[in-house]
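Listed next: structures, encoded as structure tokens.
Next come two complexes built around chain A: one with chain B, the other with chain C.
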Partner chain A sequence: MLKLILSRLALAVPQLLLLSFFVFLLTYMVPGSPAAAVLGEAATPESIARVETQLGLDRPFFERLTEWYVGAFQGDFGNSYVSSRPVSELFLERLPATISLMLGGIIVAVLLGMALGLIGGTKAGSVRDRIATAISSFSMSVPEFWVGIVLVLMFAVQLRLFPVVSYVPFDVDPFGWVRGLVLPSIALGIGGAALIARQTRTAMAETMSARYIDSLTAAGVSRNKLIFGYGLKNAMVPVLSATGITISIMLGASFAIEKVFAFPGIGSLMLRSVTGKDFAVVQGGVLLIAVMIIAVNLILDVSYGLINPRSRPQ
Partner chain B sequence: MPRKSVFFRSMVPLSIAGVLLAGCSTGGESPDTSQTATDATLRVNFGQFPENWSPGQEMEGGLLRVPYETLLAPGSDGEPQPFLATDYELTNESLTLTLRDDVTFHDGEPFNAEAVKANVEFVQSGATAYAGPLQDISSVEVVDEYTVRLNLASPNPSIANTLTSRVLPIASPAAIADGSVAQTPVGTSPWAYDDSASVMGSRMAFTAFEDYWGETPGFANIELYAIEEAESAAAALVSGEIDISDVEVTALPRFEGSSVETLQYPAIRNNLFFFDRGEGGTFESVELRQAVCTAINVPQMIDVEGEGEAATQHFAEGELGYNSEITGYPFDLDEAQSLYTEAGSPSVSVEMVAAPYNSQQIEIYMTQASELGDFTVSVQTLPPPQYNGEWNSGRYPLGLSSNDESTPFEWYSAWFSAEAPGNPSGVESDELKAAADAAIAAGDSDEAEDLWADVTKIIADEALTCAHLRGVETIAWNSSAVSGVSAPDELWEPKLVNYRELTPAE
Partner chain C sequence: MSDTYTSNFQAIRAEKPKRNSNLGRILSRVRRQPATLVAFAFIVLLAVIALTAQWIAPYDPTASNFDNVLQPPSGEFLLGTDNLGRDQLSRLLFGVRIVLLVALGAVLVAMAIGVPLGLLFGFHGGWWDRIGMRFVDMAQALPGLLIGLTVITIFGRNMIILMIAIGLIFASAFARMTRATVLGERGKLYVEAAAVAGLRKSQIIFTQVLPNLLGAIITQAAVFIGSAIMIESAMSFLGIGLDSDIPTWGAMLSLAVENQSVAPYLSWPPGIAIVLTVLAFNVFGDGLNDAFTGERRRPVKRVRPAAASKPRPATTAAARPSPVAAAASAVAPVLEARDVTVALSRPAGNRVDLVSAVSIDVRKGEIVGLLGESGSGKSTFARAVLGMLPAGTWLADGTINLAGKEISRRSAKELRSIRGDRLGAVFQDPMSALSPVHTVGNQLIEPLRIHKGMSKKAARARAIELLARVGVKDPAGRLDHYPHQFSGGMAQRVAIAMALAADPELLIADEATSALDVTTQSQVLDLIMDLRDEYGMGVLMITHSLGVVAETCDRVAVMYRGRVVEDAEVGALFDRPQHQYTRALLAANPANSAGLDRLPTIDRELRAVIDAEQDAEARKEALR
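Up next is the complex of A and B:
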């Protein structure tokens, strides 16, 4: 297991180096100056030049890149061009909201996805299998943004069951935190549920049609035990893989959900920084998000290795 | 039935019930109309919070004017009125301000001449959006504790008006010095930022400042929310989670049958500028510029976009700079083609840039202008930050954008004088320069009004700019929670409401 972890970490370092280089290069090549974004409509060529000097944007590419790498290795990703605050500080203060949203979304995706997969996979080809498949196809095709708005209109405006402006920090009000996460988690998790549902359905259908299941049935093992004790356990392996992919997809989708529900997470910060050309935040943000995805996938790989020892590196 | 099975079978419906009860128990918040004026909280949404609350940064008025105040305030007639400064004297060389002696910042720092000096110098020298309007100030002199003199490098008859605007909100010099003002605004207003009641990125709470120098407003507290998405903002208004918000016109049908009311006020002015009008330039010819202006049909564009109002000139009736003799360039294709012929029917094929929020408007105008003949302007849409830096950089022979200068001096200095940053060709007619010099020399005397009207007439006659459009800001509020909402006195500031006159609804 240690070998697995070390091998994944060893691979992560060059991945992150390459990724950060390309992001730095892309932001450098984008036409227009971040100084113009800072100055807004009052920007003139003279004021842009002045601010570029103040922000160090007039220095050569490799000088800036080297300085950034050196800082990044020490956890210093520079300061926002707009707010002048450390990039790492900006991300750390928004991390709890994003983690909350991702957690809620994953719970919805896993529960809903596995439920749909179980319903369909335990009786492949039946009417209920077709219904479950249709539901998961629908959930995959609807944009999360649209789902969020529909949920807001239905449950926040019409029924007044949940708030529109939903985020409350856990340490301020745990009950409000849970309540505020319901609608955004559903909006975010519905799309992710589809992939998990399909994987679960396929794995369950294969497992339930295996010969040993027939033997166990003949031996008098109950259907529930067959499904939950044997079938689901064997189906967990592909489900874990699907969950890892789902988490990465959901991280991108969370940007739109944050906008609908006014969630102060990393997504809204990144959107704002990209459109506002605050490339210091974009560069640091992409790296930090990549680290998060790598960490999540490492956890899933380890879990995968625990469930299926044959997958561990020899 | 085995216990484990019962347990798991029970969990699902219990969980669902729990979630629903969680929603039911407090539900969406209803407006609390039982608040007294002494503890009332106004919940406002004007979109994203500023990333930087420092003076001189670009901020919507509705956000800036919660914690901050200005040295002077616009009167109902547009003339600067006393506010943090009780009096001022303007000459060609300086603006001397007498300050209130009973004002304290939210952090306890005293408001005085040194504080004003710190703010002016900070805005002038930092990476700020509003350094430009203060560049005429060559130095700031502290005459005594409550008297400050802004020495001018050249005459600036509008400098007092500038001090009523978003250019110079007054922040605590201590907060400026330690940099904390970027995140936590520290001003002099009735509402002080309360970090303990705020939720980072979601809600900013401003509570009653007990040492406020002026009249207690109807709402003791203000909470700002950052709901960017238009549908979500409308939903939050209808559900009663917020009391006031700016909204899109497309959201107005959502309010039918509810207690939400709306108003609109003119907040945006945009027009077409001809930049390349130097010798040999694409738009050197007055007749060509007039031809383009006459070919553009602003009312038709408004019909397509669904909002806006055509105007003959930049300044509205009653404002300094307005001239009733300016008729603009009403659409007339025959007249436009005649002018184009007079200009020698030049072959024009150039490019201009647009932002996503004005690309349709510009495309429509240039399609209309192409009816002149051999006249083609291709439009490239850029992201807003890039557009801001490019559209008037001199790389493009014409451009269109908003221009929020509120006085004719500012407008002339920003776009039409030979040294104007918005005049890349550096071209200015002798007639215009003479008229502007005379108006500037008149200072804030009575004759300045007519002189500035002459300046704007020349600008119009020379077709240096045209296709004036006024856009509106739409404000919606929950009438069961708030009363007294009207358009703000601050002219042409989007996303603003008259905070100090608002009271809880009866």
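Up next is the complex of A and C:
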């Protein structure tokens, strides 16, 4: 197991180096100076030049790149062009909100998706399978942020059951934290649920027609035990290997959910930095998101190894 | 040699016009899918709206009207107005144009980048493929929105850049799919034939592989247009799509959020428009996929026709005891199957009998063979005994007694307590007969805990004994191993141990040794015979092998087309076969045909004769 983790980590390093190089290269190619964007309307050629020197934008490309790499290894991603605060600090501030939202979304997606997939997959071809498939196909066509808008309209604006602006830090008010997460998590989770439902259905339908299910049936194992004890664990093998992409898609969708619920997560920070040409923050953000995705995939790989004995080193 | 290939190649060429009829077939399949047709009609409607927006929209979508700010829907403004007084209906209609244009452009960009890359990776292989696919993996692991966002940051906001930004997200998926298709097609005979015929690789790509790719690409494109619309809407909603003046559905929803408390009506139309449009493209794409691959998602009919006859009362069975049973001891046979008939309902509604009026007895300590070719109904009969008939089939007639007690038509719960306890089964292909993600011990302990009520510890000790009994070395250590760590023969021994866990009275071995090599096969057969002697159980040995029958069975029933044509002692059957099918079957035994030019078979004419005779008998029986 340790070998697996180490080999994945070894693979992640060049990936991250390459990715940040690309982002750096692209920001270098951008027409128009970020300094101009920082100064806004009042910019003069002189003031732009002065700010560029301040931010180090006038130095050669490779000097800046190596400096950035050296800093990044020590956890220093430079300072924001706009607020001058350290990029790492800006993201650390916003990480709890994003992680809360993602956790909530994943819980909803997994519960709803697995339930829907099991309803269909355990009786493939039946009427209830077709209904479950239709529901997941429909959910796939609904933008998450619109689900959020509708939920806010119904439960926050009309019924006033939930707050419209919803994020409360956990350490401030744990109950408020949960209450604020309900609607955004449902909105975010529905899209992921559709993907998980499709994968679970296919995997489960295949598993339940496998020969070992026959052997176990012939040994007198009850249907519930067949489904939840044997079928599900087998079906999880293909489902887990597709979950990495599902979570990555949900992370993208969380940006739009943040806007609907005025969530102070990394999505809104990224958007603000993109429109404000605050490239120091964009670079740090892309790298941070890549690290998060690699971490998620690592966790998934490890749990994949726990479930599937054949992938374990002997 | 070269002649063969050339003619082969010409044959392939000659087949080419078939593609036109292929197209016809695909179209006719699409025509039979109502949902696909509705989706297509909706897409056509959207295209018409996009083309005619300037004439059908009641107002200028970008003109502010400060006299009519945030008007709820009314006769004048059918869907109301936004905070700048712009008519929502007009913005919605013009939005169709932007949405379709951006999505179509994005998918074309994705194709233009992804398809050539996929072709390159697929055809070149080697390092190109390995490094290229690493990049594709990396790109696919990132959230699509992040890629779009980065491109927009760098190049700014206009329609072409938006198309490229969204197109890049799907390019990797196109590359992956194209590569997979090329790799699939590459191994096929016609590409090799074309290469041998002297065509250059690039020529092969374009003349041979590309047409085959078309179906996959078109299907993918339809689905990606749906996804591209979702991403475009999300980006416009976040303010990183097109300029907010330009009417897009995402930007409309962005305004809706800002004015949510005062103008809730703004939230509905753009959202519904997105859902319907994406749904239309998804359904259309799925339908095309089904049409191209020829699949139809038809539910299995599980309805049992009401006309299914009632089980014959047991007295009927008793009134017609088989001659052998009458001569035997007064002890009831372990298995006593009478007139077992299994029916299948076809999608068209008619009924076919897979097994017709089969009667078989198995006594304590007896091994009875059930011999027949594939499709003769022998496995279906076994499943009927186990109460495990597949969906769409049912026990239409007959009784099945296990040690004198009727077991057919019991509830699922009652069946469960019989299966694995008094009735054990071993199936073909041991490697797939055990769950790959559970330890062997786990699966072996299961029946012991269920039927014997053993504690975990006791069940484990018994499982070790069982493994040792079936000849697995180091049973205590092997208990915690997974099936893939066993050889086929050893895995089948484990499966037998599992079937024997609770000392069944009857063991059904359904082609239990067919997947094993000859040496392992005879070891496993020996084991079954030893266990029979030890436990005194009856065995129903289902097989297509005359060798297995000769080696192990006391008696044998020969099945053909769902009926037992002959039931005799093994020696009598081999020496004096009564039915002409049995005679033909014995004559076709390859072991007897050494020195012959051709292996004897049961030819078509003989089958026709036997079939006609059987049908005549069935009719006579029906009249009786």
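Here are a few things to note about the model shown:
Everything below uses one rule, namely that the second predicted complex is superposed on the first by the 307 of 314 C-alpha atoms of A that agree within 3 Å, B and C clash if a C-alpha of one lies under 4 Å from a C-alpha of the other, contacts with A are read in each partner's own complex, and residues count from 1 in each chain.
Heads up, the rule we're going with is that a residue touches a chain if its C-beta (ideal position, glycine included) is under 8 Å from a C-beta of that chain, and two chains touch if they have at least 3 such contacts.
Computed from a predicted structure; not experimentally measured.
Superposition of the two structures on chain A shows chain C clashing with chain B. Of the two partner chains placed around the shared chain by superposition, chain B and chain C are both touched by A:I149. When the two complexes are overlaid on their common chain A, residue A:I289 makes contact with chain C while staying clear of chain B. In the superposition on chain A, no contact is made by A:W68 with either chain B or chain C.
Legend: residue contacts after superposition of the two complexes on their common chain; A:K277 is shown touching both chain B and chain C. When the two structures are aligned on the shared chain, A:Q54 is found in touch with chain B, with no touch to chain C. Of the two partner chains, neither chain B nor chain C is touched by A:F77. When the two structures are aligned on the shared chain, A:W177 is found in touch with neither chain B nor chain C.
In the superposed model, A:A36 makes contact with chain B only, not with chain C.
Contacts of A:Y304 after superposition on the shared chain: neither chain B nor chain C is touched. Only one segment of chain C in 41-49, 59-67 or 437-445 runs into chain B in the superposed model, and that segment is 59-67.
When both complexes are aligned on chain A by C-alpha atoms, chain A residues 30-31, 149, 152-153, 157, 164, 259-260, 275, 277 touch chain B in the first and chain C in the second. Residues of chain B that touch chain A in their complex: 5, 19-20, 22-24, 26-30, 48, 51-52, 58, 126-132, 179, 182-183, 199-203, 225-229, 231-232, 235-236, 238-239, 241-242, 382-390, 392-394, 401-402, 404, 421-422.
Contacts from chain A toward chain C in the complex involve residues 15, 18-19, 23, 26-27, 29-31, 124-127, 129-130, 137-138, 140-143, 145-146, 149-150, 152-153, 157-158, 164, 210-212, 214-223, 230, 233-234, 237, 244-245, 248-249, 251-253, 255-256, 259-260, 270-271, 274-275, 277, 279, 282, 286, 289-290, 293-294, 297, 307-310. Interface residues of chain A facing chain B in the complex, by the touch rule stated above, are 30-48, 50-51, 54-55, 80-85, 93-94, 97, 149, 152-153, 155-157, 160-165, 167-169, 172, 175, 178-179, 182, 224, 259-265, 268, 272, 275-278.
Listing the residues of chain C that touch chain A in their complex gives 138, 140-146, 149-150, 152-156, 226, 230, 233-234, 237-240, 253-254, 256-257, 260-261, 264, 267, 270-271, 274-275, 278-279, 282-283, 286, 297-300, 302, 386, 388, 391, 412, 416-421, 423-429, 432-438, 443, 446-447, 450-451, 482, 484, 495, 498-499, 501-502, 508.
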